[in-house]
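Okay, so subunit A shows up in both of these, paired with subunit B first and subunit C after.
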Partner chain A sequence: MRKAMILLVGLMAAGAAYAAGADTHQEKESEDVAGYILHHVSDSRELEIEVPLSRNHIPIHLPEILIPLKAGACEKQMTDHGEVVPSLGAGCLDLSITKHTVMMWLAAVLLIGSLLIWSNRDKTKLVPRGTGANLFEMLVLFVRDELAIKNIGKEEGPRYTPYLLTAFFFILFMNLLGLFPWMATATGNLAVTLALAVCTFVLTQVAGIRSAGLGGYLAHLTGGVHWSLWFIMIPVEFLGLFTKPFALTVRLFANMLAGHIVIFFLLGLIFMLGHPAVALVSVPFAMGIYLLELFVAFVQAYVFTMLSALFIGMSVAMGHHGHEHAEEHGHGEGAHSHDHGKAHVLGS
Partner chain B sequence: MAEQEPRKHSDGSELGETARQMRAAEPYISAVWKLVGGAVVGVLGGYFLDKKLGTTPWLLVGLSLVGISVGFYGFLHEMARLGKRKR
Partner chain C sequence: MLLPNVLAASSFVEVRPGLIFWTLVTFITVAIVLRAKAWGPILSLVEEREKQIASSIEAAKRERAEAEKLLAEQKTAIAEARRDAQEMLRRNQQEVEKFREELMAKSRKEAEEFKASATREIEEQKSKAIAEVKAMAVDLSMEVASKLLNERLDDSKHRALAEQFVQGLPVKQGRA
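What follows is the complex of A and B.
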């Protein structure tokens, strides 16, 4: 194992030295490192298949889909940075297929394929056989027992488990895809993490309405103050609803993006300092961060799912708080008395 | 036909430590958000209304004061309710 590691590091250092040696314009190269890193972590309308140990790459152009909401709204404009497609605000709906969209599709196909292969479809045999089936069962049981039930509760937890499992595996597959050559991390895109957070947000609100009822949910938005103060308190409570999905969005995006930038930057040091010997230090460091990223892929999928379960659980508990309010004001006695003792357990 | 047993409600003992702590902290987080959010909504609301109606700076000053006051009231109201519940 140790010999294999030394050989691998040696090979990577030789590759980096070759790449560094092949470049006759090292100064220009060092200036381009930041641009190269940003180009590789950001979304684009083409997939680049880089040819190893050469400067060549095979571009695959992805289809452009522009839907004008107003006549002539999608006409491209020439700027200093090249052709620019008008924004949604200008009336152009851009539904083009991008690198990250392809990665999401690939993650979904791999996820469905692996689950079809490894899920135990024979209901007469309850015990899964084989490594893949056991691995998936372990992860599924972990999400149900440790995340859903422990954060939402024994009664409501199983109801939200399918969503939590979907989010966990989809994020995990997207994170892991980004660690393969020629691939990209879709979770390093703010739009992707925002869409995932919106799903959790919708489910959180649905859980709140189911638990407290529509009246209780709307009453919660008034902050429990006199009606004459609602014109300030309702916007305050409404804005407060978005703090949790905002945290989910930014946290996943920043964590996935930061790891990749660190790896690229460590490798970029070879070109910035302009000497192949730097590879002896930066390549092992980059490999260390790469292994850390492998761990982070699982941790981030876990944290997103855990926080989603926690937020849904807090919304479910909103119903209990609602009953407490009613009790304090002398209403609803008896109607929900079975819940009151438990509400104090949950809330204290 | 056997009589159906009433549905047993969970007592919350299956919840993890994080979930218990977050649920316990949630009313306090909400109270702090009322304090901060009141000021934010008042200032932003006043600023944009001033720009739209051309009344600079009167609505900004007025709504800021109202927002801060409502935020404080909401915070103290929530704290009093939580204190009463603890007792």
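What follows is the complex of A and C.
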């Protein structure tokens, strides 16, 4: 293992030295590192397949889908950044397939494929066999028992388990996919995490309305205080509704993005400092961060799912709370779980 | 590379509506597909297994309790049987003893009776024999007397005389 590590580091260093030696414009190279990193973690309209130890990229152009909401709104405009597709505000809905879309689809296909393989086992045998089936079942049981049932409760938990399982595995697969060469992390994109958080948000509201009724749901927005204070409470509660998905969005996005930037930056350090010996330090560090990223991929999938379950659980509890203590119209238990939830969001 | 510059220059904080759309479509599709094809079967399998394990444990507990109850019952039954057997044995011995004693008593009595009747018989036979011997003695003495006297006397007179004589003989009453 140790020898393998040393060999790997040596190879990396040699590669770095080669790259550094081949480059005659070292100054330009070190300035390009930031741009290179940003280019790599951002979404783009084409897939670039890099060929190792060469400067060639094989670009795959992805289909461009532009839906004009107003006639002629999607005319491309020439700016100093090149061709730019008009924004949604200008009336052009841009549904183009991008790098992150492709990665997301790849993750979805891998997820569905692997789950179909491992869930379609002999139905008469209740005990799972093999690593895949056991691993999946372990994770499924973890999500069901530790996330769904613990946060939502024994009665309502199983109803939301499939959603939580899908969220967990979908995010996990997208996170892990970004750790493979030539792949990208779709969860390192704000749009993706925003859409996922919107799903949790909608489900949370549906769960609230479902368990408390529309009246109870709206009453909850008043915070259960005297009507004269409603003009304070309603904006606060309303804002509270949106802080949760916002927290979900930003946490997942920032965590997934940051790890990749750190890895790229550590490797970019070799080129910025312009000496191959830097690889001896930065490559092991990058490997450490890579392993950390592997861990973070699981942790962030877990955190997203856990917070989703927590929010849904709070909404569900709102209904039970409303039914059981209707006459008190207090905020007792609900307020506690609410505060707890907020503390959790802020703390993590 | 200051942070504001990076944020301004980069596209990674840009939120593309298209990507939101595709994420929603993909996520909802994946959720529906997995719900139907994966989570349903896996969760039902897991629940079935949990139920089976729970029922197996329950059944094992019940069977164990039953077995313990049975064992206790068996033990008491065996103890009872043993006690009964001992009781029976004791009673039997008593009965046998009693029976033996009864038998002994009976046989002793019978033997006594037999002995008594035998003695009586002997007594009878003896007295008969004695009477016979006496009669014979009378006859013999009469013959002897007649021969001695050579004179024929009145038979009945003689006989009375002889009997008188015999009666006067000392009776030897010996045992046997």
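Note that in this section the second predicted complex is superposed on the first by the 307 of 348 C-alpha atoms of A that agree within 3 Å, B and C clash if a C-alpha of one lies under 4 Å from a C-alpha of the other, contacts with A are read in each partner's own complex, and residues count from 1 in each chain.
Here is the rule we use: a contact is a pair of C-beta atoms (placed from the backbone, for glycine too) under 8 Å apart; a residue touches a chain by one contact, two chains touch by 3 or more.
Here the structure is a predicted model, which means the values were calculated and not measured.
By the touch criterion defined above, A:Ala195 reaches subunit C but does not reach subunit B.
Of the two partner chains placed by superposition, only subunit B is touched by A:Val225; subunit C is not. Touch criterion not met for A:Thr185: it reaches neither subunit B nor subunit C.
Judged by the touch definition given at the top, the superposed model places A:Lys150 against subunit B, while subunit C stays out of reach. Applying the stated contact rule after C-alpha superposition, one finds that A:Thr161 touches subunit C and leaves subunit B untouched.
If you count the residues of subunit A touched by subunit B and by subunit C, you find the higher number for C.
In the superposition on chain A, no contact is made by A:Thr204 with either subunit B or subunit C.
When the shared chain is aligned, subunit C comes close enough to touch A:Thr98, but subunit B does not.
In the superposition on chain A, A:Asn255 makes contact with neither subunit B nor subunit C. Remark: subunit A residues 146, 149-155, 223-225, 229, 232-233, 235-237, 239-240, 243, 306, 310, 313-314, 317, 321, 324, 328, 338-339, 341-342, 345-348 touch subunit B in the complex.
If you check the complex, the residues on subunit A that touch subunit C are 34, 38, 41-43, 65, 88, 93-98, 100-101, 104-105, 108, 111-112, 115-116, 119-120, 123, 126-127, 136-137, 140-141, 144, 158, 161-163, 165-167, 169-170, 186, 188-192, 194-196, 198-199, 257.
Taken together, the subunit B residues at the contact with subunit A in this complex read 9-16, 18-20, 22-24, 26-27, 30, 33-34, 37-38, 40-42, 45, 66-67, 70-71, 73-74, 77-78, 81, 84-85. Every residue of subunit C that touches subunit A in the complex is listed here, in rising order: 1, 6, 9-24, 26-31, 33-35, 37-43, 45-46, 48-49, 52.
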